[in-house]
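All chains are identified by letter, namely A, B, C, D and E, in their written order; residue positions are counted from 1 within each chain.
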Amino acid sequence: MTMLQVEGLQTYIDQFHILQGVSLSVERGRVTVILGRNGAGKTTTLRSIMGLTPPRNGRVVYDGKEIQGLAPHAIARLGIGYVPEDQGIFKDLTVEENMKIAIRKLDAATMERQEFVLELFPDLKIAWKRKGGNLSGGQKQMLSMARAFVNDNKLLLIDEPSKGLAPIVVEKVMEAILELKKRTTIVLVEQNFLMASGVGDDVYILDDGHTVHQGSMEDIRGDEDLKKKYLGIAI
Amino acid sequence: KETASTTDSKGGSTEPIKIGVVTSKSGALEGYGTQELNGLKLGIEYATGGTNKVEGRDVQLLIEDDGGKPDDGIKKARKLLEEDNVDILQGSASSSVASAIEPLAEEYKKIYMIDPAAADDLTGKNFNKYVFRTGRNSSQDSLTGGKYAVENLGKSFFALAPDSVFGKSSNAAWKGTIEKSGGKIAQEEYAPQDTQDFTPYLQKAIQSKADVLLISWAGAGGAALFKQIAELKVAEKMKVTTGIPDIAGIKAMGDGAVGLQGMTAYYYGLPKNKENDWLVEHHKKDFNGTPPDLFTAGGFTAGIAIVEGIKKAHSTDSDKLITALEGMTVHGAKGDYTFRKEDHQAIQPMYIVKLEKKDGFDYLVPTLVKEMSPEETAPPITNK
Amino acid sequence: MAQPILETRGLTIQFGAHVAVNGVDFTVTPQTFTSIIGPNGAGKTTFFNLLSGQLRPTAGTVAFHGRDITGLPVYQRTRLGIGRSFQITNVFPNLTVLENVRIAAQGVGGGSFRLFSHYKKFKQYEEKAMHLLEKVHLGGKSEQIAKNLSHGDKRKLEIAILLALEPKLLLLDEPTAGMSLEEVPAIIEVIRGLKESGEHTILLIEHKIDMVLDLSDSLAVLFNGRLLAHGTPEEIMGNELVQSAYLGGLYDDDVTG
Amino acid sequence: MRTKLFNNNLLLGIMLVALCLVPFVSSSKFLLTMLISVFILAVYGMSYDLLLGYTGIVSFGHTIFFGLGAYSVGILLSKTKQPNMLWVAILIAVVGAAVISLIIGILSLRVKDVYFSMITLAFAELFYIVSSKWSTFTGGDDGIPYIRVPTFFNDRVKFYFVALAFLAVMYLLLRRVVHSPFGRTLQAIRENEQRVESLGYHVLRYKLASLMISGCVAAMSGGIWTVLQKYVNTSVFTLDRTIDALLMTIVGGVGTLFGAVLGAGVITFAHEWFSSLSTQYPLFERWLMFFGILYIVIVMFFPQGILGTIREKWINKGGSRNAASERKRSESVL
Amino acid sequence: MSLTLNLLLNGIAMGSLIFLIAVGLSLIFGLMGVMNFAHGAVFAWGAYVGLAVYNATGSFLLGILAGTVGGIVIGWIMERVFVRPFYGNHVAQILLTLGLMIVLTEGIKMVWGPNLLGFEKPAALTGVVDILSDPFPIYRIFTIGVGLLVLIGVHLLLSRTRFGIIIRAGVQDPEMVQALGINVRRVFSVVFALGAGLAAFGGVIAGPSFGSLHPDIGMANQLNAFIVIVIGGIGNFPGAALGSVLIGIVQTFMAFYLPDVAMAVSVAMMALVLIWKPEGILGVRR
């Protein structure tokens, strides 16, 4: 079943036509990976879905409802969690406050999820009272994910989570994503192919603001030509 | 711009006579500026018998706002002098503005009729022959109040003034008068201009055991000061005297100031003469029933003086006007005003009053205790 | 052995109760390529901050070419030839991409205090900047305002700025994080070029182990602020602790294979 | 690139010629006076723009330097009664401004943002207090009238050309400064101070230099202001004067240099116009209110100032990828 | 009562008046980072509205209520219509709020005229009590009490709710706050209006203490508010309170013993604090 349907998304930033027709179909309970080179429009796609750079044309259908044009906070309240590529940590707030501001509903289930993320990222527990701005690069990345994971989100948009993480943590994040997959749907932008192929089910490749390829992860893994063409790698 | 009716008459110029006014229509002194301006208009009307014509020429008022800022005052005065070719300048509410404009009067050789700016220097060290002043200066205030106080309130004084140029010069003037009259200043205190809490000063005053608490305070803080005087019941321990402010100021003092004695330059109920009666009547008629206020009299008299001067000189030529005005006596709102030959300061009646409750008034009414003659309060001549 | 280009003695910094870098004795020989690895929060970036002067140590010293530079401000260290890139993108957001690099070239080129000479006279800085931008695949974006770059492009700009400084000692903090797969090799080539030119000494912080192993002469491992080990890649990769606490399962193959 | 349009020498040349013609087509001395004051204030505004627009520091004490210039001319000319001491006075003002800006800078530039603003505000306040307390020297609030200036300046047309030349020279000078490597460094400091430091620049030294240049230029404009007014009082040290500088640069467009000229013009003429209207139409009785509305309108509709907004529009049309500020991003949300 | 004690008490009373102005500014400027030069004008509006209602109804309490509501309304409109697009943009904020300050001040003159208006104390709070046999005005005790209550109230509000952190986060990165599902616009509106309401409330309380109102009363007091916020540490409420009391006391003592330098004392103190500890007495380094 389709959780999120993006059709012909066109987004402008000022007068620049950044997204020129991006379409995605995200299936419930699966991990959809968006790949593409720098500047392809991956981040802008996620931001457009979140309403942070509202699309000028195209539709975003989430759980059967059109959500393009809604304010970002309204979109978030529909149960969409967002991990931006620059982490979006509030540097003057402590880790604790960063978490507190993210929690939408303080109930037992949330506390449970908080346990889970702190288990996943024990570093955050150690740095609990530290200012967000003083965290290490990887810790920021963990905090950013923790903020999205702590709520009961139905859809997670995650922009390059592995960046700056130690290999063992990447591994843990992968495990976490596989775990989260049982409860939520995930859209993942990722440059780390190892990770992308490790967790991804479906793949979209963007280039120059267009969707240029869609398919399953298996296909990509097997298709050297495709990898070379769009990703410039041969693994 | 104010324009009066029709044209022409017998011979001479038929050009209107232009009076340029630079005063505060905005800023902190707006209230004073407005009082004076209203007075000026009525003064001209009165002196021209309602025709607004002198020597067959229309009288035009060109009014500019200086906002209380000297830089703006200079700009506006220049505009009036250069663009509008005014014959005479009048103003200003602020002494700083007036002192900035005085040199322009000299440069352009035009009469500058000052009112209500009160700094002594305007007709003192900054004087030039084009300057005349209908308003009283600070020394006249202190001469009025000081002499009376020594004779009637007590011999030793505790002087409280704002810590500003005004406060210092005002205290100096009071001191001179008081000492000349046989009293002495036991203690002087200066409080910052923006003081909101006067309790410590008032306690100092009480502890000083002086007979009289003498207050020279201009500006907003005054009302708070008098309220605190009432609250701390200072008046039970010593006499209090001061310069009585305008009606709004008295109102703001509240009922606590009842019985306060002090000097004033004008209150509309004080003078008994036909000019003042006319002024009160017409002011009420023209301005929503409000009576003239502290500085309306000066503006009114300035208007009369300008008209009478022109009549006497048969010209608006500055030199002729100077000759005409020097030593001239004008019948103004308070009676006789005389421009001294030496420094062109108008000596004039001054008043000692007491604030009293009166039916029909929502403020304490200044009632006459004593009127001082112009000569009694003539200030020293300091422009030489 | 040649005189070390960089030497730290007991380098320590403490934030409140937390000791982020703890008594690190570390020596770097000129013209070598050393990578620093370690878990997140181990103190790698903080260590760089101490070397480049962003932070002052609470104890210990830093010597560069045998000279104690512990008390020197950032700009003087840069002039001595220590240049760094930042983990968190740190560019001039409202200047053009070209101007970003040009400013850097000018900084070491001197003449910045000439008030009245027109900047165009400093053509050579601009040319140098342009050349570097091409090197990092940003040639076509030289007139863009830096903040409008995508994340990966900002990383490339970061490297170009560093190169413009022509540092003797380069401190690279995760230079390729977020860079697209196809462009990483190109950047690695640029870095390798520097190494092979034989004029530079390079310190690299990186979590991409392939890249680290590919480039490094030696590896240093930071754990909890302490320098746990410093040796050849083989030695380090064989270390149990590194395996279990840092690499995890993903790299089992690399070591055994 | 983006400064090209408005530093277009042709356009500026035309403006200069047009301004040169004013005295020959208009006989209004008052108009000349107004323009002279625009020119002088524009220089003052430009000096502020060097700080605000190019170095990125918000000083609330800029009037210190204007006031220093104004007072040194005022006091020296009135004490010596030697109009030709003017040049000496201006020299003293410039040297004084350099020294004082250095001292203030060393004390205050260690802190940033609002903190810097507040320290400079404190210094300005101290200067104001000294000028008002030390009234034997400064004339206090009542000021120093009758300042005699060289007779040359009594000819309004000559003064006009001197002021215009002053503006032109200062503009060229400052333009040179902001386009020099030094100026480019200032702009980089504005953008990201720590990073400039890590590129090997001694940031404090650059900021100090910027503050000093700006202070010296402001002192000159203050000196000439006194020549125009022939009067000086404590108002030259009030916050209002600093706010004037701030307003002129913001209204014209921060970081455009030339915007200050527009800003000075708009503010001076709007002030004059509104206040004159007040004497003719009762609606304008509270004319200051319209002045306030003007500010609001400018911010709402010319967010980058007049020149800045035009420039942005122009560039956007040209399609180069320069526009879009961070502010806009947050605007879309807030 | 010794003179020193008297001065001290007066200083605290004065400090609490400063705090009442500063507390709203501490929200708007300290937390939201808006350089609000119209704050004093809102303070003045509060005082005038309060006075008008107080005079009309004879109830000081109603006056306080009306003034506060007036301030909230003004603040709400100000934020919605004018300030909103300019968060984070100090330069635009300065020009904008200066414009608003002029408009609001002129508005007061339009409605109430440019002259002084007396503001009487309510009967219950008039008079003096003897503290160690020296008289001390009851109203001043009242202002000290109100100041304390406000401090506690605001502190509770910010520590018990997420308001404080949402605002701090929202100023830095409003987008991200939105993306976390918080309507940051509304929070900003509410807090801004609250800050304005507090200013207006302070105006009504301060009115009787000043004894009279004039249209520029806000400008005259706003500078002190900025100063104490900086001294106490921007965004730090206890700091603003401490700064207020400190300035109040020092100013009172200096005014008494050394009036010549009293004018300079608050700015000089601010300069010293900034040079010595730029983040403010209670501030934390950022």
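Keep this in mind: contacts are C-beta pairs under 8 Å (C-beta built on N, C-alpha and C of every residue); 3 or more make two chains touch, one makes a residue touch a chain.
By chain, with names taken from UniProt: A, C = ABC transporter ATP-binding protein; D, E = Branched-chain amino acid ABC transporter permease.
This one's a predicted model, so the numbers in the text were calculated from it and none came from an experiment.
*Asks:* So which chain is the furthest away from subunit C, centre to centre on CA atoms?
*Replies:* Chain B.
*Asks:* Considering only mean CA positions as chain centres, point out the chain farthest from subunit D.
*Replies:* Relative to subunit D, the chain whose C-alpha centre sits farthest away is A.
*Asks:* Distance between subunit D and subunit E based on Cα centroids, please, to the nearest Å.
*Replies:* Once rounded, the distance between the two centres reads 31 Å.
*Asks:* Can you give the whole-Å distance between the Cα centres of subunit A and subunit B?
*Replies:* 76
*Asks:* So what's the Cα centroid distance for subunit B and subunit E, whole Å?
*Replies:* For subunit B versus subunit E, the centre distance works out to 36 Å.
*Asks:* Based only on mean CA positions, could you tell me how far subunit C sits from subunit E in angstrom?
*Replies:* 49
*Asks:* Show the residues in subunit B shared as contacts by 2 or more other chains, in ascending order.
*Replies:* none
*Asks:* Residue numbers in subunit A touching 2 or more other chains?
*Replies:* Subunit A, residues with two or more chain partners: 13, 52, 72.
*Asks:* Touching two or more other chains, which residues of subunit D qualify?
*Replies:* 286, 288, 321, 323-324, 326, 333
*Asks:* With touch defined as at the start, can you tell me which subunit B residues reach subunit E in the complex?
*Replies:* For this pair, the touching residues of subunit B are 28, 30-31, 34, 163, 189-197, 199-201, 203, 220, 223-228, 231-233, 246, 248-249, 251-254.
*Asks:* For a test of understanding, state which residues of subunit E touch subunit D in their complex under the given definition.
*Replies:* Touching subunit D from subunit E are residues 35, 82, 84-92, 94-96, 98-103, 105-107, 109-110, 174-175, 178, 184-185, 188, 226-227, 230, 234, 260, 263-264, 267-268, 270-271, 274-275, 278.
*Asks:* Touching subunit B in the complex: which residues of subunit E?
*Replies:* 3, 6-7, 10, 13-14, 17, 109, 113-118, 120, 126-128, 134-137, 140, 209-212, 214, 216-217, 220, 252, 255-256, 259-260, 262-263
*Asks:* What part of subunit C is in contact with subunit A in the complex they form?
*Replies:* 15, 18, 38-42, 44-46, 87-89, 148-153, 156, 173-174, 177-183, 185, 207, 209, 245-251
*Asks:* Which of the residues in subunit D come into contact with subunit B in the complex?
*Replies:* Going through subunit D, the ones touching subunit B are 28-30, 33-34, 37, 132, 135, 140-143, 145-146, 229-231, 233, 235, 272, 275-276, 278-280, 285-288.
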